[in-house]
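Here's the structure we're looking at; comments come further down.
Should a chain be cited, it is by its letter among A, B, C and D, assigned in written order, with residues numbered from 1 in that chain.
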Amino acid sequence: MKNEHNDNPPVMKFGMAIDLDKCTGCGACMVACMSENNIPFKEDESDKLVSITWMRIFKLSNGKSFPDTDICYLPRPCQHCEGHGGHSPCVSVCPATATDYSRETGIVSQIVTRCFGCRYCMGACPYHARYFNWWDPVWPDGMEKYLSPNVSPRMRGVVEKCSFCFHRYQLAKNKAYLDGERRVPEEAYQTACTQACPAGAIVFGDLNNPEHQVHQIVKPDPKHGGRSQNPRAFRLLERLGTNTKVYYLSSREWVRRSGDNYLEHEKTGQASQPHH
Amino acid sequence: MSTLDEKAKEGMDDHATHGSDGKQSGAGGFIILFFIIGFAASMVLGWVIFPKLLYSQKQQPFSFNHALHVEEVDDGCESCHFFREDGSFSGTPKLAQCTECHEEPMGDTEDEAIFVEQYVTMEREVPWLSYSRQPDCVFFSHAAHVIGAKMDCVVCHGHIGESEESRPYEYNRITTYSRDIWGHNIAGFAKNSWDRMKMDDCARCHKEAGVIHTSSVQTERDACFVCHK
Amino acid sequence: MKVDRRSFLSFVIGGAAGTALSPLPWKLMDDSSIWSQMWPWTPVPPDGEVVYEDSTCTLCPGGCGISVRKVDNRAVKIEGKQGHPINDGGICILGLSGLQMLYGPTRVKSPMKRIGERGDGQWQKISWDEAIAILTEKLIDIRDKGEAHTVAAIAGSDSGTVPALIQRFMTAYGSPNFMRTPSGRDADELAVNTLFGNQGRTGFDVENADYILSFGSGIVDGWGSPVRMFRASSLWKDKKTTVVQVEPRLSNSAAKATRWVPVNPGTEADLALGIAAVMVSRNMIDTGAVSGLSSWKSDLLANYATEKVSQTTGVAAEVIAELAKGFAGANRPLALCGRGKAQTAGSLRDIAAVYALNALAGNINQEGGMWPIPEADYIQWRDVATDNLASAGLSQPRIDGAGAGKYAQTRYLASRLADAVNGNGPYPLQVLLVASANPCHDLPDTQRVKEAFARIPFIVSFSSFHDETAAMADLLMPDHVYLERYEDVPVDAGLTQQMIGLSRPVVSPQFNTRHLGETLISAAKAMGEPMADAFPWDDYETCLEETLAEKWDTLMEDGVWVQADIDPVGDRLQLAGMDADAVQAEGDVNSFPLLLLPYDTIRLTSGYIGEAPFMIKTVADTVIKGNDGFVEVNPQTARAAGLGQGDMATLTTPRGEAQVRVHLFEGIQPGVLAMARGLGHTAYDAFLAGKGVNINTLIGPVEDPSSGHDAAWGIRATLSKA
Amino acid sequence: MDSALIPKGVKRCPMWQFLLGLGIMGAVLAWGVYAMLLCWFKGLNQTNMNDYYGFALWIWADLAVIAVGGGAFFSGLLKYIIGKDELKHIINYAVLIGFICYSSALLILAIDIGQPLRGWFIFWHANVHSMLTEVAFCLSCYFAVLTIEYIPLILENRQLDKVPFFHNLSHNMHETMAIFAATGAFLSFFHQGSLGGVAGVLFGRPFAFREGLLIWPWTFFLFTWSAAAYGPSFTLLITWITEKVTRKKLVKDNVVDLLAKISGWMIFTYIIVKMADTSRWAFITAPGLGQTLADFYTGNDFYGYWILFAEIILGGVVPAVILISPPLRRKPAWRVTAFILGVMGVSLNRWVMVLQVMAVPIMPFDNWALYIPSWQEVATTILPVAYGVILIMISYRYLPIFPQEVELNPIQDESPAAVEAETESTPDLQPAKA
């Protein structure tokens, strides 16, 4: 081990490409996420402002009236913002270092046992990807049997969010150690939502690795803050400089435009005015 | 009258009545003596009585002789504590593993009898108390340490493999942590690497081994998700 | 020594200093926070060895392969099975929620008999022996009186060994009254029989089609085998296949289509025939696969002239022409039908029009086309030897009227059950057995169904769950859930192959339940000859293994058995069944100016499975909010009624009335209302019960004159401020 | 009965009146404590906060009390550092009000966090990048400073002062008060600023986000400035209310006038900068991110342009003009109106920087989230007000808070007939502070 002194492992950047033309809004990703990550549920989950859904599907509309209406579904996991050098909106504000950005994987972590529930990160996140445990999680008698040991159930009073199923990476790394491999192969680490999506709309992998499908789809442009070179691709609120790792694909212009705020005269996909 | 009022009033009365005779009791020696009494009493309470109250003990279901087993098996610790095919670590053996040898009682110790009668024949798993189980939020990879870093079991588990009987399982009454995790010394001193297994101990060892990466943007150390889940 | 105030103060200060220098405060502070990190009431899932066990999901007819992740003996996650011919790793929201059903609080945990009034939910646990005894005594008693035909059974399916055992039980017992719950399969079977002259079903080669014309089929809303259709939908995107969705409402399927053609509700068949007329008149048809064209042609051209069809359907004439051109001009066009998930049968006219369109486009038994194929026939048991009592019973007419008179071609008419029991049937029912069906929630006009159930003296539910029908039962004999049992799962659901999946026990039974096959075999044995003779197997597993014969090994190994090359049951379509009048929505236009349509969504279940908590959690707050259900209304219609988003309103139909909230939706035609199907449960647990409105309480069955099937696609309604 | 404790040369209301007042406020306090315990034991589901409103009434209350509590550090700065010696006649009260505000803020924070037992993580596992860490450290330190500043005042109690040790301690502390005042001013500058930074650094939220200087967004400086500007107004407002309640003149006009003038000029300069900041944000920052002012102020049932007007014109320009104009400032009615408007303005500013920040949808397909606090939130927010009133009542009764009181209210008649009511209108204090 000594010879690996300060030898940082390969720099990966796990990210996602979600094809909104394929997404049917079926909700499988949401439930795959819930059942993978021990997400609790209450008797009434219709108040979406207090309903924990690490993966949430938004319904977008083009705002036109019948019969020119069009709708589109947009699954929203945590966007795992890189911001500037890993200072994503939420990471830099957490006062107790409960959330962190990993340069090794590009994943924004949330350690619920460190979190003391100030909720500043929730205020910082423009995607509403962070959820507070307003209640103690309670499973009806017997149902706690299906809880997975790979993800620790959370307690009341802390913030939680999508981890890109990081536990699966940890497990895949175990296997890689056993097999004497240094890297986890693409198929060995896939998120639960990616795996479940019946439409195959989600592609997950290392955005830095040209061999990974997600890289080939997204073609991130490192010179322009990771913007995609795929004309169908966009990121949510890209103009804020959040530098997210979840890319969306759509051939419909109105959908791409819905992904960000534009002044009337501005073209879809146009970069924001530099303000830093 | 609220309690606050009462207190305020009591305080006032106190000052009013005792304030005037305050001057006559000027015995400074007593004051220091009382300070020392208070100091000593609280030190005894904090260092001696408190740890006794804080920790409780449980006995293992029956005593296990590691030394004897290590002699009998071919592969050392890994004979019973092994890696599964998916790279996960098996940890404490399940009954099925034990019964590979212990279908019938082996030897005539009392513990063996308990084991066979209460567990093997009843097909019940032995409810071992794990001395070194980390809390649920921790993801500990045996693969990374044992295969990757080629560490010895002793580094974290001490010489349990040489033990001839199971020592009592000590745990913290408040947290239910095993004392092996929080540390045997109440002051937090650790003589051996296995005396304490809190997060700082992990970090210290990682630092000593030179495997601290700077993947965390916030701490310039290892990212949280390396060891947490 | 006088302890004065200052001494005391000194003591306190000394104590404070000592305490601060001892571990006490610091450790307490640390430990209390650690305590909060692992509160004893927050569960810690035990770790263990991870194994995956493959099985087949039976929560819907889709037939997906699943891989269940287990940690030691606990099933912790259901995933789609990689490489499975139907879903290849994909899985739907319902399949993912299976463990909440397995471990959920709504399981019937042991056989029980009713002790309170019906519907009170007061039960007494009994042993299986007692349950079997109660059932068999009752049945023997009735049979001995020569009234075997007054026992009926209703099941969710009629294919596979378990439904076959029920049917066999009924036959040996002497009752003609086995019913399958209504679905699009009813109409499909009837159409194949009528149009191709043989028993069978259709398969659609959707993956290879290059132009899809869907008449309201919820391609991504749960139609057919849902995951297969999701995958097809994505495949179409990759191949840039044209998909046209004809539907009055912008469903998810319509939104995913290349083009959405809004159509007046209930006029889909008119549009299909209008398109056919354009194709015929412009000679854009393949005459090889149809018979009876010459006589049909003149009627078609006369009745379905483009202008007229445009009037009826609300689809512009040029759009009709474009669709005809696109469909006929495509290499491998394919038309689909069955509204939404095809949960109701629908009329023969609706289905025949679309099948005729396929035949005219020349896609019958072609790649990317429609395949009329035989039903799976691997269950080859020797015939039941019926005794006199049985023969007498079997010679009686069916209670639902199917298979005789004007409904001679129709197999089951469960939608007429309520009516028959409520006094319009040939005889009263004495016993009803219910398996994998929840008629008290799923059949239209729920109130009438419940009334009927109240009239049946003895009801046995084999349901694994405390559903609405179980609540009406007298005896509960709970089946294992699919993750606890073996079962063959023949998959039809629009597949062009014959496919059988195998459900395998992933975990041991969690409660004192028993496999329905096992229950039937033991009940038959308990009833003695001749019933026992019809059930010669020792147990269900033996029965299954014997029945599957050479397929058993394949199934045990691969979990699925596929036969790709099948001889179709016909290759020429007889143009028929389309001259009936279109089925109209129930209700008077003047008193009920609006139309209420049920819509299907994959996030809500169909059939007898109630939604798991995870599924309900995904349901939008514009479908249910608190316990209120929503009705979708075009803003224009809502404005006219003085209603805004979220307002409470009274929704009235000729069949019932409900308090609903208004959801303004631009994707629905003015004058039309839509409401999700699958909600408004009264049974199950607090995670489901009471949420939303069961649309079946607002809609009644409308009989298709040519088949007797329920052909209701909506109902007339009014909406007013509450 | 408690006459021995009452400062020499002043009159206080009879005990029963005092106790009645305490009782009423105690009941309000108990209600707040009950709500607080509910939140602690049952969790934050007792509130109407949600995932869109992670910060709500409490954080607003926190920011508001800290802003108006800014009178303590700024008056201290003026007296001890700048040398405005007249202010020694009001500095005690400013310190007391500051102490109440800051202890309240800390209490509210302890209720607001989801895991109070782990609250100390903010110190132990501090993340130096977080504005909240800066807030926590400076806030706690400054609270310690305020406590130190408050102690000598307690020691001036007639009985305590008799103890030579306390007397000397008090005297020595007074001597070194300038150091504490300087420390306090320094700490205040940072924590007031970092509270502004809390919103300003949120680059994911264009409504709150501001450019700035080095690591500090403009809101950092605006918050410090506004606390210094409006804090003295609040001190004077509370002083005025106290005078009304006690029916006594407690502080001389020249002192009030001086502080009011300073407050006025501070508000004036602040509001100019604030307008510049708002314009830059409205015309450059937000449009640069594709948003217009209308995105933030239309399309919902509550947050309209009125709020901008109320904050900047009514709560800024108007009080500034009144307070810098000598004739207007000297008319008590105008002056007090200016104080009220000012306190309203700065509170509204804090509301906007907390609540509206949370409410504005950022994803174009998202909705405005509106929120109404639950009674538990309201009760726990009123709790500190009751606590503050009680502390003021006790302090006023037993401590020589107002050095000019004896001079301004010479006792002519020793007969017990000359009693003063000090408790009746205590509820008046609530709207001013809440």
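The rule is simple: contacts are C-beta pairs under 8 Å (C-beta built on N, C-alpha and C of every residue); 3 or more make two chains touch, one makes a residue touch a chain.
All values reported here derive from a predicted model rather than from experimental measurement.
Chain centroids computed from C-alpha atoms place A closest to the centre of all protein C-alpha atoms shown. Comparing the chain pairs C-D and B-C, the larger number of C-beta pairs in contact belongs to B-C.
Farthest from subunit A in terms of Cα centroid separation is D. With centres defined as mean CA coordinates, subunit D is found 62 Å away from subunit C. Subunit B and subunit C have Cα centroids separated by 53 Å. If each chain is reduced to the centroid of its CA atoms, subunit B and subunit D end up 46 Å from each other. In this assembly, the C-alpha centroid of subunit A lies 40 Å from the C-alpha centroid of subunit D.
Residues of subunit D in contact with two or more other chains: 115, 118, 121, 127, 129. For subunit C, residues touching at least two other chains, in rising order: 32, 35-38, 44-45, 47. Multi-chain contact residues, meaning those touching two or more other chains, occur in subunit A at positions 47, 51, 59, 61, 87, 92, 94, 97, 113-114, 136, 152-153, 155-157.
Residue ranges on subunit B touching subunit A, taken from their complex, read 83, 85-88, 135-137, 139, 141-144, 147-150, 209-219, 223-225, 228-229. Against subunit C, the residues of subunit A that register as touching in their complex are 19, 21-22, 24-28, 30-32, 34-36, 38, 41, 43-48, 51, 53, 57, 59, 61, 63-67, 69-73, 113, 136-137, 139-149, 152-157, 192, 195-201.
Those residues of subunit C whose C-beta lies close enough to touch subunit D in the complex are 29, 32-33, 35-37. If you check the complex, the residues on subunit D that touch subunit C are 115, 117-118, 120-121. Those residues of subunit C that touch subunit A in the shared complex are 36-39, 41-48, 69, 71, 74-80, 87, 89-93, 96-97, 99-100, 102-105, 220, 226-227, 230-231, 233-234, 237, 250, 252, 255-256, 260, 262, 510, 602-603, 613-621, 624-627, 634-636, 666-670, 685-687, 691.
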